[in-house]
Every structure is written in C-alpha cells, then in structure tokens.
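Some structures are shown below for you to check.
Next come two complexes, and both contain subunit A; in the first it sits with subunit B, in the second with subunit C.
The block that comes next holds the complex of A and B.
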C-alpha cells in the first residue's frame, strides 16, 4: 500500500478499536471504587509476616518475586541482544576517536562541564547506593537505584573521559558484574530449597520493621538487581559510544 | 523437593554463566557443551514433571505464598500434562537446534548461546505458569531474546528488517496483552488464572469481559501468526539463523495458540458463548490455513516457504482448537508435537543447504545438491510427514481433529485441512525435488527476487561431506515425530492432557483450595483412518508434480493458467508487502473487527 492509501484503513481501524475499547472501559467499576482482594491481602499480611513497611517492594521482591526475576532477565536479554546487534562487523574497523569539529585542537571538555562532572559523580553514585540499599524501606529499589548508579558514570562521559567507558565491553569487570547480578537473584532464590521450602521463600531473619537490615532477603535481592541494572546500562552506553566514536565502516575490498 | 522451578531457573542461571564465560579465548566448544548440557538437563526435568503430572496436576507456589483464604497472593506454576508436554517439546527442539549449531556458524558471535538459553527459559516459563502476569513476563522475555536472535546476522539488511518487523508487531501485541490484563484485573482483582475464572464464573458476559478476552487473544494470536496478525512471521523466520528458526516455527508460534486455549478454558469458558467463539476462531483459523498454504506455493526462498507453511499449519491448529472439544484438543496437542518436530527437521535440512551452498534459493540451487543424498531423502521424508503421512505424529493429530470435526457437524473442515496440508507439503516436495534431484525446471509462479537472509558469509565455505552432527538432529526429530504418531502412550498422555485442560472446575479447586478432584476418565484409544491421510499425501505429491512435471502448468496450458491466477496472486503478494506500516494497519483493523464482533455477539 502507498502511505496515503494506508492512512484510510488505519484511521478507520483505530477509530473502531478505540470506540469499542472505550465502551469496554466504561463498563469497568467506576474510579475510586476498588473492590479487589489483592490490596487488602497484602496490606494486612506484609507487616506481621515479613516485618516490611513498603508494600511495593514487598510485592515486587517477595509476594511476586518470581515476576521480578523474569523482568531482571528481560533487561539482561535486551542488553545481550543490544551488544549482539552493535558488535563490530567484519567489514568495519576500529579507529581512534577524533573530534568531529575540525577547529578544535583536541578533545578538551569545557572547564565548567568538567567541574560539574567531577562534582556530580560522587553524589550521584552515593544517591544510587542509597536508593538501592533502602529499596525495602523507601520508594526506589534495585531498578531505580541501578539506573542512578549508571547515571553517575554518564557524568564521566560528559566530562570528556569517555575512554574509561569505551573499555567497558565483553571481558571487562562490568560485564562480569552484570552476569553476577543476574545469577545472584537465581541463587538467592535457591537458598530456600535445602530447607525444604519453595523457591524464592524469604527465609533470612526478618529483623525489626524499618531497620536497614530487615525484611529478610529483600535487601540482598535489591543489591543484585541494582548491580545488574547499573552494569547493564553501562555496557549499553559503552556499546553505543563505540558504535558512534570508534567503529568506522571500511570499504569492502 | 519439587522439580517445578528447575526448568526455568536452570536455563536462566546457565544463561548468566555463559555470558560471563564469553571472554574466554577458546570459548566456542565450552559454550557449545555447556548449553547442550543445559538443554539436556531441562529436557530431563520436563520429562520428570510430565511423568509426575500424569498422576495429578502439580501446583507450585513460589516463595510458599499459598492462597490466603482462597485468594492467591503469589505466583503459581500449574503443571498439567499439556503444559509439561509443551515444555518438553521446546526443550527437545532446543537440544536439536543447539546440536545443529555445533558446525553451523563459521564463528559464533557475542552472546549467541546466552540468548538461546534465555529463549529456552522463556518458553519453559510461558508453558508452565498459571499466572496471567507471569505469562506476560515470559512473553516479553521470549520476544526480546527472539528479536536479537533474528537480527543475528547484522551484515545483511534482511535480518535487521525482519527483526524490526518482528519487534514492532510483537511489542504491539504485548501492549494488547497488557491492556487485556489490566481490564481483567479491574474486573476480578486477581492475576491468577484460576482466580480470574472463579471471579468471572456465573456473571453475564459484559462488554468489558469480551474486550478483555479479545485483547488477550489478539496479543497471543499475533505470536501464533494468525491472519491478519501473521505478517511478521515470514519476514522474521526466513532471515533468522537456522537454529533460531527451528524454535520459532516449532514451538514459539504454537505457544501463542496454547495461551489462547488456556485463558479461554480456565478464565472465560463459562462466561463467553462457546458457539459464537467457535465460529469466530474457526473462521480465522481456516482463513490463515488457506492464505498460508497458497503463499507457501508462491515462494522460491526455501526458508520463506517453510515460514508460510508454519502460518498455514498454525491456522489448522487454531481450527482444531476452535472446535472447543476434548477430542479435538487432544488432536491439536498431538499435532503441535508432530508438526513441531517435522518442521524443525525441515529447517535443519535447509540449514544443511546453507552450510554447503550459502543459499536457500530454489532456483539457484536447482539440481545442485544431488550429492547430498542423505539430506535429500530425509528432507523428502519430512516433506511427506508434513502432509500427514501415517504413522507420523502429524497423521494422528490431524486425523483426530478431522474425525472430531465431522462428528460435530463441521463437514467442510476435513477437506479444507487436507487441501492446506497438500498445498504446504506439495510446495516443500516441489522444492526438494528440484534441489536434491534436479526434477523439473524453474516454477512458473515463484517470485522474481529472493530475500537474502542468513546465507552469505555466515557459515564460511562448504567443506566436504555434511558433518554427521548436523544430520543427527535431523534424523532424531523425524524419529521423534514417528514416535508421537506410533506410541499409544503418547496418545494416552495427550488424551489425559486434553481432559485436564478443559476441566475448569478441577483446575480451580486444585489451585485455589488445594483439593484434587478425580482425574478425567481416559477416552478410548483413537486410531484415525489411514486412507484419508494417504489421499492427502498423494495430493501433496500431485501438487509437487504439477509444478515440476509436464502438465497443465507447462507448455500451452501454462499461459492460460497464469492469466487466470495472475490477479489473486498479485493481490496476495501486494498484501504481504514487507512494510511495517501496512502490517500495523492490518493489525489494528483486525483487532477492531474482532472487538466489534465480540461486543455485538457475546
């Protein structure tokens, strides 16, 4: 179909779909009248059974921890796939990065950017670590904290020190950390099996509600997810940087 | 200690381990051996689970979160013979695919084994889970691993375009599934399938219920490559590396259909009107089977031909499932197993051609593969098995579906299924006759330009005879398909699986209360008629002969036939344009029509 011809059935189909979807949505229970059993079941059990004060973390890492295992591996698969697609082809060669604008001598970041990067790096890193470690107490957790941790290294890139990032590829410590983070979640789940319990049973001491060391395996799971997410994003940005800065297409012989 | 979580977690853990081993210098064989061992272990776990599930469905609550006062707060694997059997089939196909890839790649690149194992884990989880959102998680994992595997050969444009089409269509499908889950959650307040079914039962079917079902079905039917959601499949399956194609066509597509069947029987079967649903799904199934069969005949790119044959057979499976009957479901399950094994064998045979000649173009390879005798014979046997030749698994499966259809009064279905089988198998046999035996000459209706896929420099130069290790999985898959057709135990398992599958009350009681109800009584052994199957196989040979031999498609008659068919053929080709915008248009139109039908009918 030509793109003009395509617009007509597409708009028509979308309108029909949207109309009937709207009709279905109107048949749902009205806003604010939640009658589901899930919320009350979790709110009434998470404190007595798990000494947890944060329902979201309890659901993601305890009640439905197996979903989160799958989600962690979706990210893992996405990064593995991304690296597969962004690899250096046989017809391509690696070059040293050059400054794209010819009127500058070398690649020197502006002092203000460099200063800001140096200033922001430790604080972002610290914030990331905080968010990961307090995932079971306050909003946040491994996924969000992991992204913050990776962001800290993006400041390194902004400050012009991207050589450090370019090195992060297969075989680098970061890729091992990523694999360890992913495998760590699987292993923590296994801990329960020798005790005759089911996979992912939260069997570590629960501690006192609100303490840093509480809610059993939740902090450990947050740390593994944080490690995985942070290294996954680092590997990805490094792969994109290599694609843009280092790899050049050579003419086929 | 229950084995229930092990198929998934073994594959996930090994995927992470293999990713860490990637940097070793002499890693190739180590990765091969470890991934083979993993697939083997997963197959053994599945076998054990299948064996255990025959005595009673296994319910496994992760984290020991058993239902609290009848409400399931955790995630459960519900392992009945159907889910365990499909998981076992996916593990066996992965094993065959990994065996084949031992020599297939000239150099294995980054993360190939990791992605294969992640794909295996997702297939396992998707088949075994009894939780709607968990199903979605594995649906997404399956997608992400599959997109990357499809685009594996980044040097060519075909794989990247195929992977992009695949990714866009399946992400849209994922959105539909998510919307459906949201609607169902709003209606029932739970994500467990049994709970959702219990909450809906007895209530009248409103617009929201039917919309939830249609959204979920559309999402999973996109995975199942049902018209008009099938367009991504030929683009993706034809360009993916052979081992990935084996898994895509052998089990991934069928798991989409399985998911529709599962959510229908567990959640919606008491609410929706079965007669109307039967008509709707039958219509979509038959249309898919016909279009796929005709399109398969029009291809000259062998993998594309096989991909369209998968579309056609997926339509037949949907038609079998759509009868909403225990016997028909038994036949469909047998057919999924028999077809998956045969289709895997056909893709591996194609991979052998890539290994030797770096091409899967029917015209280009014409008569050039006479030296590949073993492969040629096995490929032809697989082609005959695709038509439902007794005693392959395809024969029992399709035979049972046809007989049940006749019993239920759908007299038109058996001839249609035979016709589509004959078309797809005929196309495969035509290609095999030309390539391996040099019969006939270029065929009159094939497209002019073949799509390039993984062939090219992927596998290096052809060297001497075909490595044995490539032929081993080809032979084993055919033997396994024979086993599915011949062993009475397989039929008993399929019968038990179907009986358990449709027993919604027992499923609910077991998952929500933990009380096992009596198992369904075994139905008498089915021995479908042999004559019809032989006629179908003969028809397939006739189709192949029409294309290859002298006859109406040659000489003077050829021009008139061509003129007669030019219009419809051109229309079909134009519809399968390869533009992602077109595909999304068809998708949204199809979804709109299904929503409209459902809301007016149900």
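The block that comes next holds the complex of A and C.
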C-alpha cells in the first residue's frame, strides 16, 4: 500500500475522532471555572490535620500515599526492564573504551565546556538536594528533585569525563541506593502496622507548619523517592552510555 | 475563549498521533508518543484551573485566596513519571532492534520471534 493511500484512513478516522473529542471536552466545566469537590476539601483539611502547606506534596505522599508507592515501583520496574534489555548480549563483547585516535592525540573537551561542567555540577547537586528536602514546603519534591540530582551527573558526562560516570555506575552503590529508596518507602509505610494503624499512617510529630521538620513522614518519603528517582535515572543513562562506549559487536572469527 | 485550552489539547494529541502514524524512525516515534501524551498534562491542568487562582501552597497568602485544584496537579506528576518510563523502555527496545535488524524504520523491521 502506498503511503498516500495509507494516510487516507488515518486522516478520516482522526477527523471523526477529533469531532467526538471536542464535543466531549466542551461538555466539561468551562476553562477557569473548576467545580470539583476534592481540591477544596484537601486545601481546607491539610493544614489542621497535617500541618502541611504544599497541597500537591500532601496529596502525593499522604492522601494518595499508597498510589505513590505504586508509582515509585512503576519507575523501579521500568528501570529494571531497561537494564535487562540493555545488558550485554551473548553475541557482544564488552571492552573498556579506548582512544582510537592513534597518534593524532586524543580530543580534549573545550576548556569552556569542561569549566562549565565542573562549575555546574556542585550547584545542580545542591539545588537537587534543596528541592528534595523542601518538597513539603515549596514547589518540588522527591520526583522533581531526583531528576535534578541525576542531571547534575549528566554534567560529568557533558564535560567529557564519562570514564568517571561509567566507573560510578559500575559499582553496585547506585543500584543499592535505588533499591534502598524503593524499600525505604515500603518500610516507612509498614512502621505503622505493628501499632494497629493503617499503612502509611503518620507516626511522627507533625511539627509547626512551614518548618523543615514538619508534616510528619512527608519529608522522609520525599527523601526516599528522591533517592530512588536520582539513582534510577543515573542507572538508565549509564546503561545507554555503555551501549555506545563499552559494548561492541563480537567480531566473527 | 474558554475552549482554547481544549482545542490545544486536541491539537497536541492529533499532531502526536499523526507523527506516530507516519513515522519512519523509532526514536522519532517515541518523541511523537511523548507529544501525544503531553496533551493529557494540559487537559488535566486545564480541568483544575480556577480563574485568578494561585498555586496550592498556603504559605503567606490571604485567607480568602482562590487556589487551583491540587488533585489534578498530583495526577499530572504521575502522568509525567509514567511517560518518562515508557519512553525509556521504548528507546531501549529501539536500540536492541536496531542492533538485530540494522534499521530504525518501524515499517521495515521483520516480525520478531518470541
């Protein structure tokens, strides 16, 4: 079938679909006139019940805390699957990356790129830690801060020091950190069970609203999720890098 | 213009679907899937928007301030995580299929054996 002919049913179906979709969306409350009941209920109860001030974090880690456990394990399973897919196949061999430039001299990264990478690494790391720790006070949280933390390590790669990045991920520290992050969430939830309370029940003192140590287990859950997300993204980028740099097709004898 | 956000949702979804349907490169296809999925972020956030509402963070704001719905924002967070993981898995598949078949064109790859 020619590609023109192939497009015809797609365009036809899409137009019909778009019509139905537009009708359905126009039946929603008009833009800007949200009338849901759950949002106001959470906004009015989170301060008296949890001493929390950030509604999105309260929902993610408290009202919907059990769902977030599932969400964290979606990420965990996807990274495990990705690493499984990107492992060294039987037909391939792993070699340490070698300089193939011969006697021409290796290509050094430009001083500006190297300098910027070295400069940005600590600041991005610090920003990531800040966003994770203040997830229950300001916009941000474990997921966002975790991605920032992983980004800090991408600067290592961008400044040409991928040997360091590969070495870092080759040890088991990062994968242990990922497992610890995932397990930490489960364990914090389980702590409430021996006392006869519900899973993820808040055992810690709630503290004063707006303080770093407040809102009970919220900051702890943020830290576990941040650890898990940061190590997951680090493992993924290292796996893709290994495909490019280390794993080679075995030469047929 | 109260339908405009919904029109953009439809446009993003259809542009992404068109890209998927006509894609000749798996990496391009994964990007198109992400575009199509980003329409759901916009839809969720538009549904929860309240005219004149501020971010749902009750720090130093007047007591009678209107705030947008935090529930859909938390759902959007879940949505983004799922989108990122699906993309990572699909890209890993694309890489291995390229090694096996030597092509990234989703139409040229022969059926895979189990």
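Quick notes on this one:
Please note the rule applied: the second predicted complex is superposed on the first by the 235 of 253 C-alpha atoms of A that agree within 3 Å, B and C clash if a C-alpha of one lies under 4 Å from a C-alpha of the other, contacts with A are read in each partner's own complex, and residues count from 1 in each chain.
One rule holds for everything that comes next: a residue touches a chain if its C-beta (ideal position, glycine included) is under 8 Å from a C-beta of that chain, and two chains touch if they have at least 3 such contacts.
In this text, all values refer to a predicted model and were calculated from it rather than measured experimentally.
Within the superposed three-chain model, A:54 lies in touch with subunit C and out of touch with subunit B [touch as defined at top].
Looking at the shared chain after the overlay, A:66 reaches subunit B, while subunit C stays out of its contact range. Once chain A of one complex is fitted onto chain A of the other, the partner contacts of A:113 are absent, as it touches neither subunit B nor subunit C. In the superposition on chain A, A:93 makes contact with neither subunit B nor subunit C. In the superposition on chain A, A:126 contacts neither subunit B nor subunit C. When the two complexes are overlaid on their common chain A, residue A:85 makes contact with subunit B and with subunit C alike.
Touching more residues of subunit A than its counterpart among subunit B and subunit C is B.
In the superposition on chain A, A:137 makes contact with subunit C only, not with subunit B. When the two structures are aligned on the shared chain, A:38 is found in touch with subunit B and with subunit C. Once the two complexes are laid over each other on the shared chain, residue contacts for A:212 go to neither subunit B nor subunit C. According to the touch criterion, the shared surface of subunit A, contacted by subunit B in one complex and subunit C in the other, consists of residues 3, 10, 14, 21, 25-26, 28-29, 36, 38, 42, 64, 67, 71, 74, 78, 81-82, 85, 89. Interface residues of subunit A facing subunit B in the complex, by the touch rule stated above, are 1, 3, 6, 9-10, 12-17, 20-21, 23-29, 35-38, 41-42, 45, 62-67, 69-71, 73-74, 76-78, 80-85, 87, 89-91, 170-171, 175-176, 178-180, 182-183, 186-187, 189-190, 192-193, 196-202.
Contact residues of subunit C toward subunit A in the complex are 2-7, 9-10, 13-14, 17-18, 21-22, 43, 46-51, 53, 55-59, 67-74, 77-78, 80-82, 84-86, 88-89, 91-93, 95-96, 99. On subunit A, the positions that touch subunit C within their shared complex are 3, 7, 10, 14, 18, 21-22, 25-26, 28-34, 36, 38-39, 42-43, 46-47, 53-56, 58-60, 64, 67-68, 71, 74-75, 78-79, 81-82, 85-86, 89, 137-139, 141, 143, 210, 236, 239-240, 243, 249. Across the complex, subunit A is touched by residues 1-2, 5, 9, 12-13, 15-17, 19-20, 22-23, 60-65, 68-69, 71, 73-75, 109-112, 114-115, 118, 121, 125, 133-134, 137-138, 140-141, 144-145, 147-149, 151-152, 154-155, 160, 163, 179, 183, 185-191, 206-208, 210-212, 457, 574, 577, 579, 581-582, 584-585, 588-593, 595-596, 599 of subunit B.
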